[in-house]
Every structure is written in structure tokens, then in C-alpha cells.
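Both complexes below contain subunit A, partnered by subunit B and then by subunit C.
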Partner chain A sequence: MYTRTTGIKMQSIGGPIGKWLLTIVNGREMDIETVKERAGPREFSAKDDMPEEYRKAATRMIQFHANSEIMGAYLERPFIRQAPSLERKLAFSAKTQDELGHGQLLYRAAESLGVKTRDEMLDELANGEGKFLNCFHYPMESWVETPMIAFFVDGAAMRRQATLKNTSWEPYAHAMDKVCFEEGFHVKHGEAILHELMTGSKKEQEMTQEAFEKWWPRIIQFFGPTDKQSTHHGFASEVGLKQMSNDELRRAFLNSYVPKAEKYGLEIPDTPRITKNDDGTYEVNEDDLDWDEFFQIAKNEYEPGVGQIDGRKKAQEAVAWVRESMDKHEQTIYGGGESPQAAD
Partner chain B sequence: MAAAKQLPGPQDLSDDEREALEALLFSLADDEFVIAERYTEWQVRAPTIESDISVANIAQDELGHARLYYDLLEDFGYDEPDLIWERDADEWRHSTLCELPFEEGDWADYVVRSFLFDEAEYIRLQALEGSSYPRLADRIGKIMAEEKYHREHARSWLERLCEDDESRARMQDAVDRLMPHALTLFAPTDEDIEARIDDLGIRTENLLTMREEWLDEVVPRLESVGLHVEEAQLPEQYDVHHADFDMPDELGRDQSHTDAWFDLYDEFTKSYRELGRHEAAKIMKDPDDE
Partner chain C sequence: MIWEVFRQKKAGDYHTHCGNVHAPDRDMALLFAEVQHGRRMPTNSLWVVPKDEIGEVDTEDVAFGGTTDKSYRWAMTYNFEAAAEEVAASESEQSEAEQQRRSVVEGDD
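== the complex of A and B ==
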């Protein structure tokens, strides 16, 4: 049975003490050159004494991923209520629950690097310091927008996550096994909603097309700026954390999703311009995308996104009393020492 | 009570039998659907990731139960829009406990609400296991298994949040606010129809007996963790005193509801209306084939 951590106390073997113990065992930190030489799928785990630069880069990447799961769920949660059928409501509730489960798993994988605790990462997310996917900074108002996330964004995420099964930090790769398995269902769920809308009334089809036009450029930006502009790409690739470049991922996504969108009767908007190469692959004209907005989002300064961050923060603060009460409960039972269990 | 004779299948029921079954099934289904609606409000807002995942789990169980009960109503020729999406808000029969809104962050509301509901649910299910209507009796086992877990979950939260004074005070507020509405779980849809439900053996305990049983369970439990129930006396005195409980103006079962219900109804039917839908997508296997 796995231990359910409360999020109140640090439970992982990471942290300063864990790291100190590892140093005793291993003698010294692995140097960067060795890391680069050895970097391969699932090569490193908590038993390796990784250099700080690696641990920080891996933490940044996994924390971003974990935050995105939480903020994606936060964005989608109103549609549990607004789902137009009982079984869709069930599916939406289950999907949201899965995303929280992914967040839980990923924070644990991030904690295993010994840089930050889950509490610290959740605090950063609440304070607006934690970064997360561009698409989850935009507001969502209507049911017709749900497949834009559940089909396109989740589909895009699947692409990236599938490559991360081979990332060099083993706990991250391990988390991806479960995440990818469940995301497969989410994409199917999103695809079924899209199909339903695009075979529905004319009004539904028009509303869906309109939503698609709004979301399409954001979805393409999901993969981030071109490799030239990406600041963290080089090192993360060299140490095997990142498996494919932004450009490769974006191209692979377009190759598979442009035909899918068209299959469901969606028209690809004129901008950003997308050209078809002789070999049938697609290429996007990057200059047509709003990178100012993208980088504003990346800094957590985009207005609607700030609203989402603050809304979630407010909700979390409103239940702080419960976490405090659980803390007191644990202190009573375990005398303030390490505690294995908490309410769930 | 002598075992009542088995009722026939849905097509062969008399009008009286069908009317009794419908009243019961709507009460059961609406309770589950509406309380789940409030539970899902906690998703991505619960105190910890772990509690978020478990409240989601419980909400989905309740939605699953609602689905099983609504499916039995479909035997009578209704479809999902008739039962949920296009049924007028003032025709719903859930207890007002299920529909009440709560303040942001009021996790005590969730704990007390689910405690009061799950204890009642358990007693109600026991009275349906031996139902004379086989289509209903057959589904109770699955529901009961999940409700047992809910009851444990609610009891453990109840105990934990009553350990310190500050959170116990919040729990007391929730009890004061929710208890009168919880009593409506045992309110009649209509006196005649309730009597018929009992006479036909569709349910093996009547509402008053179940209410006594429920009070015997919940009041001592609340008192044992330092909470007080207004007007309640010691368990052995309930027979004399239960009539003293104040009931809210809106009972739910008789189709009277608080204002909050109408807002909630507008919210959950929003997409269905905006899209101009006339049907509701089924994406799971029929419960009879599961």
C-alpha cells in the first residue's frame, strides 16, 4: 500500500537529510559530464547522487507538469456541473479526479529530487510563482470549448508525455506510465464530445467551429516557442530529461491533428498560416502567432490566468483551517513526529 | 410484517403500484443526483489533493446510484431528458439536505452533510434489500457496498474534525444548519402513497421507523464527539420527543424547495439549454448489461 501524504509534512526520501544520507553512501555528486554520458531512458533515480543543476532542471520540468494538471482541472471543473448528460457528468468528474491524481503523482516525482517539498510547490502555485501550460490561463465559458481542451490540448499533451516515458529521471518516467494510460481515455472522451457536437444541430456545429478558431492558435503554442527561442531546451535534452524538441513535437502534433480536425468537419483557421510540405507533413508559420501574449502568460501576468490562479488560491485558503486541524490531529496522535497517515 | 407478494415487471404493474414505485424511485434518484451535484463542487477545491480525490470518488458513486434508479424509471417509458434535463425544477423530489448551498471553504458542511446523508442512506437501503419489486431489490447490493464505504469515510472525518475546539465550532454550525433539512430525508412524498409503498412491500420499513432508527444512530454519534443536537433528547426518549424537531418550510419530498435549488437547476441544465438539446448522450453500457 502506498502512503498517502498529507501535503502537510514532507514524506519523501528527498530533502536535505535524504540528500546528506545519499552523499554518505555514494561519496560524491555525479558530475555533469557523467550525467550527459549516461543520460538514457530511466537512467537516474533517488539512489543516484545527481548534481544540483540536474535536480533543479528536473524539478522545474516536473513541477510545471504537476501544476498544469492542477490548473487544467481547475479550468475544467465547472463543466462537471454543466455537462449535458448524466454519463458525461460522471466522465467529467472522473477526468477531473484523474488530473488531480496525476498532480499528486507528479509532485511526488518532483519531491524525489530533494529540491522542493510538495507544500512549497503548491504554495508557489497559489502565489503566482508556479508556472503551468499556456492553454490553462484562458477562461472557458461554454460546453463547446470542452473538446478544445479534452481532445486537442490533451492530445497535444499525450504527444509530449509519450516521449517522457523515456526521460532520464526514473520516477518521472514511471509516473508517465499511469498518466499516459489515463490520458488515452481522456482524449477519447474529448473526441466523443467533439463528434457529438459536430454531428449535432447546425447551431452546435457553428458554436464549435467558433470555439475552435479561438483555441487553435493557443493549442499550437502549447508546444512553446521554436527551439531557437526556448531557454531551457539545451540542457534538458543533453541530460536526457527532454526527449523531443518543441519543433519536432509541434510538427508531429500537426501531422496527426490537422487531418483529425478536418475529419470532424472543423475548418482550420487562415491564421496562423499552415503549409503542407511535399511529403504531406505540416508546418506552421510561427510569425503569425502572438508571442507577446505567450510570454506574458509564461510570466503569469495574463489577466484571465491571474484570475484563475487567484481563484484557486482563494479556494485553497478557505480550507486552510482543515489542514491546520489535520495537523493538530497528527500531533496529538504521533506527538509531532513522522506520521504515516492522514485523512483523505 | 408478513412478506408481501412479489410485484410483476414494469409493464404489468397496476396504476397504483406504478405510482407508488415512481414516487419512491424519484425520491431515491433525485437525492443521489442532487447531493452529487453539491459534492462535485468540492472538486479541485478540497483541503488536500487526497481529500479532493476521495470526494470525487464519492460524488461519482452517488451519480452512479442515481443512474441506476433513473434507469428503473426509464422502464416506465421516460427518457433521460424527461427525468433530468427537461423535468421542471418544481417537480423534483430530493430532500432539501441535498440541495443546500454552502460557503466557500466550509468543509464542515461536507462532512456533516455526508454523515447525515450516508447514515440515512444505509438505513434506507436495508429497507429495500427485501423489496417486493425485483428490479429494485436486485440493484441494492451494489449500491449498499459503496454506501458502507461512504459511511466509514464520513464517520472518520466527523471524529477527526471534532478534536479541536475551533473546527468543532464549525462542525456545530453545520449541524445546526443541516439537521432540520436532514429530517426531510424521511418526509413523505404524500401520506397515501407512502402507505401504499409500505403495504405493497416495496419497502420493508416505514418512514417513521427509519427516522427513529436514524436518530438513534446519528444523535449519539454526534454527541459522542461533543456536538449537540437541538431539541434532541436521550435515545430512549425519542419516541416521545421526535415530534419536537423543527422541520424546515421546504421539505423537498413534496416538491417544495429552497431558492438555492432553482439556481442550482439553472446551472446544471445550462449547456443542455444553450445547445438546444433534445436528448442526452449515453456512453456507458445499459445497467442491465453490466
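== the complex of A and C ==
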């Protein structure tokens, strides 16, 4: 592969990091004003010499997304075993496998920015530095909680992911094509569980309502703080990484999922207060939500979440021998060169 | 090591780029490609290629097809009698290709 500016053979320097070094040496990276001007759907790829600020912002966003896929999969994994029927077991197993695959796709999209390698990001997740979605810091203990993730959280995620098909970092958009293709099954499977529970015994319905009340505020916080409080929104949106603001996404989610929840017989909790506008859209009273807990979670300091991070770390350590044997194998075949990375 | 993955949906189709995987060798690259890219999408065949072995040239490097008048090489330039069916089909493919090419060159993006 040749760079446009110099014609120096890139593989001699090695991958995205080499390319990044090359742009620093040449001082030819795109300036931020040009990035903002050009920012559009799938506008930038590894061929473009993006400025550090863009690459860092994109890495932060995609790494967060990748981490969330992995942590979500670990949260749902116990329910492969606890599923009440063979069909549900198969579906949960397929879904968990999908989510881990999404994590891998996204780490590749993040790696292509040349800021961090996949190994570094996986290590950051293990040692508690890697950030991920608020909802996946809470424990999930009962089968009636599964649709809270599989229907509502996945539904919220899909709403956001659909907009990210138009993100400006092309490898991220490509990952979203595949993620959205697979995610439809997850959300509809979650909806099927919710439907089953809400047409089941009175006890099942009550337990589901209880789980819904526990999860509802967290689900609304999925979209993060209001735009005013969001620290990263401005830049990410100016350079086309983010396509819709937190507020817009939250409103879009409420507009389709409040009626769905009600249709299945769930009662929307009194807090946070949600008002219906004249045009039929919904608005949340943000002050009713526990933002202290949210920001504690955002720092990876919320207790159940810490346990979940450590649980995954142990699993990663348990299969270290697989990674090491593959790395060693690659070294024997191809020698040194690129930093060795085999599999998660 | 990164391997680029190309998927063919059904026999006779082209292999189209669909993503990439980390793998220590070609056999494992095929295995990971199978799990990551052939598990859910319709797939008849997969190729894996070491990323570093892929070369690229794009519209910023060259003007594909040149910039001078090349009308002599299009079927549309030569009109006499009605053409035989397969010749007319070829001409309509060429006509479409030229239109697409022109809209790219003229900055339609």
C-alpha cells in the first residue's frame, strides 16, 4: 500500500501506527477545519491523514461501544443456562455470540484509527480503565429481567446504531451495517420474551413489572446526560462521528418504546416524570434521575459493575494460553514485524 | 496479523470485501472469517488475504480512463444500421458505464 503524499511503502513501517507516524513526520495531516467542512456519512477512512483530535475522539467513542458489546454479552451469558426452553437457550446462545462478534468488529474499527491496538483496549477493559454503557454495570439476576436488556436496552442501542451507519469514520459505519443486520433478531427475541411474560401468570406479570420499574430509569439514562451536560457531544457531532444528540435519541426512543411498553401491559413508573407533548411526543424530567449514580458508574466505581469487570478479567486470563500459543505460532511463521495479536 | 475478508454470497457471484480479522496464519484466518463473516450473512465462499499484500490506487492518485477524448472506444460513437441483439446489449452496458463515469468525473461525487 502506498501513501498518497510520499509513495513510501507503508508496510515497512507497519500498519495504522506506521501510517500515523508517517503523517507526523510529513506534517500532512488534515486540519480540523477541513475535517469539519468535509464531515459527512462515511467520509473518512484509514487512507485519510486525520488529525489526532479526530482520531482520539473516534477511538474513545468506538472503544466505548466495543467494550459495551463485550460487557453486555457477559451479562447475558448466564441466561443461556437459565433459559426456560431449548428455543430460548439456542437464541440466547446465538445472541451472545453475535454480541462478542460485534465487539471484535468494533475493536477493528477502532484500531484502524491508529491510536490503540485491540490488545491495549482489551487490557484497559480488564483493568477497569475501559468505559462502557451504564446498563451493563447492573447485575441481572432473574429471567424476568432479560427483556429489560434484550428488548429495551437493545432497542435503545439499535436506535442509536442506526444513526451511526452515517458516521464519518467509514470502518465504524461498515461495522454498523453488520451490527444492525444482526441486532434486529435480538430486539425481536427480547420482545417475544416480554410478550410471553406479560401474557403469562399473574405472578409472572407482577415480577416483570417489578423488573421494569427497577430498570426503567437506567434505560432512560442509557442516552447519557442532557446535551447541556454532555462533555464530548459538540466535537463528535461537528466532525460527523455522532449523528444525533443525546436528547434527540432519547426522545426518539421514548416515542416508540413508551407505547410499546404500555401495549404489553407495563405501567410506566411515576419517576422519572414523563410528560406527553401536544404533538404526541414524550419528554423526560431529567432532574428525577440519579445522576450521582450515573457518574459513579461512568468512572467504573459502581460496585456491581466493578465485580462484572473483574469477572470478565478472570475469563480473559483463563484463556491467555490460547492467545499466547497463537501469538507464538504467528511469530514462528512470520517472524517479528507487527505487534502480535491473535484473538480475544 | 490482519487478514482482509471477501465474501461470495452464492456460486457465480463476485467475492466482495466484507471486513477483516486478526489471525496468526491463513488457516486460522479462514476459521475466524467463517465465524465472524460467514455465520449470519448468506455465504458460499470466503477469501482471506494478508492486509499488507493489498495494493490500492484511487481517484486521488490517477484519472481512471484518462482525461482526453476517448469517444472512439465507445460503441455509441458508431451508428449505422440497427445492431444485432448482443451488440446492442453491449452498447447499452457501455452507455451506462460512461454515464456513471462522467457523473463521477464531473464532481457529482
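Methods note: the second predicted complex is superposed on the first by the 305 of 344 C-alpha atoms of A that agree within 3 Å, B and C clash if a C-alpha of one lies under 4 Å from a C-alpha of the other, contacts with A are read in each partner's own complex, and residues count from 1 in each chain.
Just so it is clear, a residue touches a chain if its C-beta (ideal position, glycine included) is under 8 Å from a C-beta of that chain, and two chains touch if they have at least 3 such contacts.
All values reported here derive from a predicted model rather than from experimental measurement.
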{"item": "Which superposed partner A:Lys47 touches (first subunit B, second subunit C, both, neither)", "value": "second"}
{"item": "Partner contacting more residues of subunit A (subunit B vs subunit C)", "value": "B"}
{"item": "Touched partner set for A:Thr275, first subunit B, second subunit C, both or neither", "value": "neither"}
{"item": "Contacts of A:Met326 with subunit B and subunit C, given as first, second, both or neither", "value": "both"}
{"item": "Which superposed partner A:Tyr334 touches (first subunit B, second subunit C, both, neither)", "value": "second"}
{"item": "Touching partner for A:Gln104 - first (subunit B), second (subunit C), both, neither", "value": "both"}
{"item": "Contacts of A:Ala318 with subunit B and subunit C, given as first, second, both or neither", "value": "first"}
{"item": "Which of subunit B and subunit C A:Lys203 touches, first, second, both or neither", "value": "first"}
{"item": "On subunit A, positions contacted by subunit B and by subunit C", "value": "4, 97, 101, 104, 326, 329, 342-343"}
{"item": "Subunit C - residues contacting subunit A, complex", "value": "1-2, 18-25, 28, 32, 35-36, 39-41, 51-52, 54-58, 60-61"}
{"item": "Contact footprint of subunit C on subunit A as seen in their complex", "value": "1-2, 4, 11, 15, 47, 97-98, 101, 104-105, 108, 118, 174-175, 178, 181-182, 326-327, 329-330, 333-334, 338, 340-343"}
{"item": "Touching residues (chain side subunit B, partner subunit A) in the complex", "value": "33, 37, 40-41, 43-54, 56-57, 59-60, 63-64, 66-67, 70, 80, 84-85, 104-107, 156-157, 160-161, 163-164, 166-167, 170, 267-268, 270-272, 274-277, 280-284"}
{"item": "Touching residues (chain side subunit A, partner subunit B) in the complex", "value": "4-8, 70, 73-74, 77, 79-91, 93-94, 96-97, 100-101, 103-104, 107, 142-144, 192, 196-197, 200-201, 203-204, 207, 312, 314-323, 325-326, 328-329, 332, 342-344"}
